[in-house]
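Letters A, B, C and D mark the chains in the order given here, with residues in each chain numbered from 1 onward.
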């Protein structure tokens, strides 16, 4: 433990840790932490890669569900106090706390995933989920035989609505006649929708019964239930999210039904940031990892979307060159 | 002289201290065993918790946390004193904080008008939401345990519906956080800057006032006496002239009003807006804290501080290579030990008292000629 | 006049004839079910919301109802013996963890057993606190919930986040996947029922849909749950064991005076209660998710308790309560706002019926209120196309609140439920 | 200590009575004999074998059965279930058990219907179910703890007939009662217990009630006789056509009180006799404002209080001694001084304005403890740690301290020992002299006849008869209580006692 009086001195002395023998990376995870096979894990991968290249060490702290602002603030402060630099806050919930802590430790470089913090020493690593989802929508529209697809969101928070908006637009731009069902599993501060495979399954089978045959779910582990339901219906496809779900051990049984996954390459963003600090030119401002920068992409494992590659590439090109603007709200 | 000694009953005092002590020692032993079982050193963990928890910035953190928890504990305790189990504190404070934040964001009047208005609005919302459960109980006989659980979920749905861009909220930059209009600077509650240790929330003053009011109303007023009477025996209360139904509804409303305050330290001192990451679940923490504190205003304060201390220090444990999930284990064990210890001590105390009454009577019976000396 | 003597014993306090109360339950329940069926069929025809009684809907409802039903049954066992069990949620959490933990290492059957076993452990903690130490039941339940959550989080971190489990797909909040438990399908039956359902005939298709949903792709655990319901009813109401157990919940001192070891029965009941809750948790982990997940129970323990109260502390009523929950949950998950919108009409019909009944019973202002609410809901129904999705999610809670506020006064809980009992303290 | 140095020998095939004042330890002794409590030392011998009972099951196995002072029945179970509970091994819990119950019921004329819910039975029926429970288990030794406390004389006689029949079949009966007349008429032997020890065993043939009483308390028994009449003609409480119904769970409406009218004048004690459960409790609750009557008016001292809340009625000068002190009269876990405030929180000296005046309340509690001889080491002990009699004295003291105009006394001396009983009667008499009106409800017919100026009999929610307490006998009153006699009861001179 450290008393407050030491704070200032330690922060200034630790600011130099970035150079020389490797980097001391501080990772503040969102709930779930390393091993969540989603974006926390992806961030960890980026940090691991940086550590392997530049040497140094990684300190990981993980949020808990009952966290408040003060807890997140404290987590970042603890890392800064202990001399870690750079410090990455994984998840939008660190936005407010990072604003405060970054001001307190001006010589430390901070990075935040999925949100924007307006400070000179913060790198805001954001992703264009809507663009990736747009491509997922294109794939869904091209693969549906019944002209009916579905979207399942875990909780109706803005981040997930981005997925829905991009997906719907992608579907309709490709085939206007295709019907899109949308369903959220829980609402507001009830986050159970991210951890209820049974509800994901019920929602997916409801959509399948109503005639949908491609289902895109952005619902954390609830998506597993949706994939399972899809697996039970011949000719139906599931689209996964965040990481390449085709390769997740827990879903190996259903991999034949996983058309593709909308992958968010958090690792790239984190790696870039750590590298910039290591190189002595820390990234700051908003770094939007868009489709153009390969921040989001569609996974090709399984080869199920190889046949529509040309259409997907065309759509991607249009987004990259700006002729298609993807909405962020449905 | 004799009266004095009988009032300040040493034995009772001793028993009062014994219960929490017994509980905390047991909890420590259990926790130590759990840590040992994972092959780590519990001693080092405890000493890290102590040193880290006693740092001045930790103390500010703990006080701030305890402010919120204290209000939650009192809100729950008001129900408990009536034998009412208000699980709905959680929904009540969230809805209250939301409505108050909307109002606060819309107000453009000076702070000395706005702040009381925001607080009153929060209390009124919490009270109203609790009143539903209270009224359902007295008019339709619906158990408040069930109705408040349902109302928690319904409150969540209402907030989810209204906290959306275009309704009562807007999307923040970054596109991931929705929140209500931020409060104007003038509507911030005062804070005490302790320098490097951090900023102490001014709302702690309100929490202390609530505690004093709780103690005073329950212990010193007619209303408080009636309330406690209902809590101890509904039948006796009815016979003594208390309208139990009115009392149930009233105390539910008061509990809800205090619950409305729970979100205020965060809103007025910290976040200044209600967003989709506003802390939730504090109502349930309040239950644990009210249990720890035996519904006693000072006890609840100690419970709230203990909770804050545990949360602060277990977070740091992760830094030292321990699993911070140990927090849940410690909290669970402490609550369980405390309730059992209190029960054991209560029983022992009652038995002692009966024995004393019996002994005294026997002594009187043995010397029937002597003039009785009672009291 | 001279006082005259008489031999006849004095009559009891003036009481009206309440004969035929035992015959009431079965017949009444059947009538209620039939009535509800016709009502739903009518609403389906009017609104065209065929999902109301589709096979998928019923099947999903069943899947969602089973854990709630098991939690409720757990509560029933415990409360029939006089111990209020608000720790069900915690015991379910223990069940999910036990099932996931052992399930992935060995096989799902052992996982199921372990889920039950962990639940029993949770039950025993509650029993020690409430029965042996006489702690207030609700207080102890809250502590059990807290403890169960803490311990499972801690153990999950310890057991799943590193090494082999992590490679197999585990992480601090999730166990590696568990093999599926077998499902049962009656060959031919499902198809036949489906073809009837497809025609959307009045009532006939509804019945076919419901039956289809009940027999298609049935998990063995669902079947087990059904057997447990019937078995619990038989055990509690038809055997000496059950009589003794219930007597502990009605008047433990009387039971004690007749040589019943009240502690023993309370312990047994609370342990069984924990086991059933654990099984409910294991169902979540093994049947619906094939993995332990933190936060998987999502408050179902509390909902189960609500279903039990709704069901008047009886297995049949409890099953109906759990079914109602599962049904409205499935409805909102599968079809969102449109079908729930159709439910508004159902509500109108019910409220109008209630108003009529109240009018008949000469409760004028109650009838008035019912009518007014019915009119308001009708207006809502006519002027909208669907219910906002956020409110759709709250359907089960609103329905429970409505139903309880209409029926709570007719409920009767075990007389000594929640009371402290100590041996030899009777007067 | 409840019992010490107890020596009793009960011979097979006899009725052995046990007497002693309240709290003497009779129930405790029997509970030990029945295995519900364990003795610290000493032995129990049954038929020559020395035994230890660690729970009732052991005692039952030895052929001992007990009918408790307070009913041990579960309301929500049927009679059959109540009877077979714990003895399921004998005849199961189904048809065979039902047949057996009918058999026993017919054999002893108990008239028990096995399939009704227990809550539908009145006290006498419950008493018979209790006896049947014991017989069903084939008990050879029956313990009856105050079985007659709630029965009217006719029922007592019926019970005694049953007991004699049992005795004739070779069963042993241990019988506890405070009613010395009964004891002398039915017992073969009488043991007296005082302060937890046996003081002697006597033969009923050569003993009188007076001697017995002196053995019990060491002094003469007090009587509730009132001397001169203090009745004035100023009406204080007037009930006019009070009507109360109640709708039960099944929606069936029941009439609880039917057209109740009477007037109590200042200085008058109006006694109401009746078997428990005929509406007395509800009548009291209606007058106290705990239940709202459907029709009729209640006038207190000229003011209509029919729709006034309980608290205002109490403030207007109604004192209340409830029938169940634990449920309605006390906060068991609260200290005595808080119990002194209970029910009078709005009045001096307990409060001033909206605030409690704890200091004066405490001082006044000390006064009550002194004046009413409440035996306690202090006013900070909880009410639960006092014995029943002392609790009752505290309640009486509290209610009398607010100078009531009207006292509603429901069983004011129930479960209270003779000393306290006399003190309570004295307090009532004294207040009556100063113009207090009293509504007295009691199951103790001697108390009722002795204290009352006017007597009414309540049956099925109606006042069916009235009587002059100066001449009426308990037996005559009893017949009206069973509904066999109505109107004005006259004492028949030729009715030899």
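FYI, a contact is a pair of C-beta atoms (placed from the backbone, for glycine too) under 8 Å apart; a residue touches a chain by one contact, two chains touch by 3 or more.
Model, not experiment: these values are computed from the prediction.
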{"item": "Dominant interface by contact count, named by its two chains", "value": "C-D"}
{"item": "Chain at maximum distance from chain A, centres defined as averaged CA atoms", "value": "D"}
{"item": "Whole-Å gap separating chain A and chain B, where each centre is the average of the chain's CA atoms", "value": "37"}
{"item": "Centre-of-Cα separation between chain C and chain B, whole angstrom", "value": "31"}
{"item": "Centre distance in Å when chain B and chain D are each reduced to the mean of their C-alpha atoms", "value": "44"}
{"item": "Sequence positions of chain B contacting 2 or more other chains", "value": "153, 156-157, 160-161, 325, 327"}
{"item": "Multi-chain contact sites of chain C, meaning residues that touch two or more partners", "value": "172, 299, 390, 393"}
{"item": "Where chain A touches two or more other chains at once, by residue number", "value": "62, 65, 156, 187-188, 190"}
{"item": "Chain pairs in mutual contact under the definition given at the outset", "value": "A-B, A-C, B-C, B-D, C-D"}
{"item": "Touching residues (chain side chain C, partner chain A) in the complex", "value": "51, 54, 56-57, 59-60, 63-64, 161, 166-174, 176-177, 284, 288-291, 293-296, 298-299, 329-330, 333-336, 389-390, 393"}
{"item": "Partner chain B, residues of chain A touching it in the complex", "value": "1-5, 7-8, 59, 61-62, 64-71, 74-75, 78, 82, 92-93, 95-96, 114-116, 118, 124, 126, 156-159, 162, 187-190, 328-329"}
{"item": "Residues of chain B that touch chain A when the two form their complex", "value": "48, 51-58, 61, 64-65, 94, 153, 156-157, 159-161, 163, 165, 171-178, 195-198, 266, 270-271, 276-281, 285, 311-312, 315-316, 318-319, 324-325, 327"}
{"item": "Chain D-touching residues of chain B, taken from the complex the two chains share", "value": "6-7, 9, 219-226, 228-229, 232-233, 235-236, 238-243, 350, 353-354, 356-358, 360-362, 364-365, 372, 374-375"}
{"item": "Parts of chain D lying in touch with chain B, wherever the complex brings them together", "value": "1, 195, 288-290, 309-314, 320, 322, 324, 327-334, 338, 341-346, 351, 354-356, 358, 366, 369-370, 373-382, 384-387"}
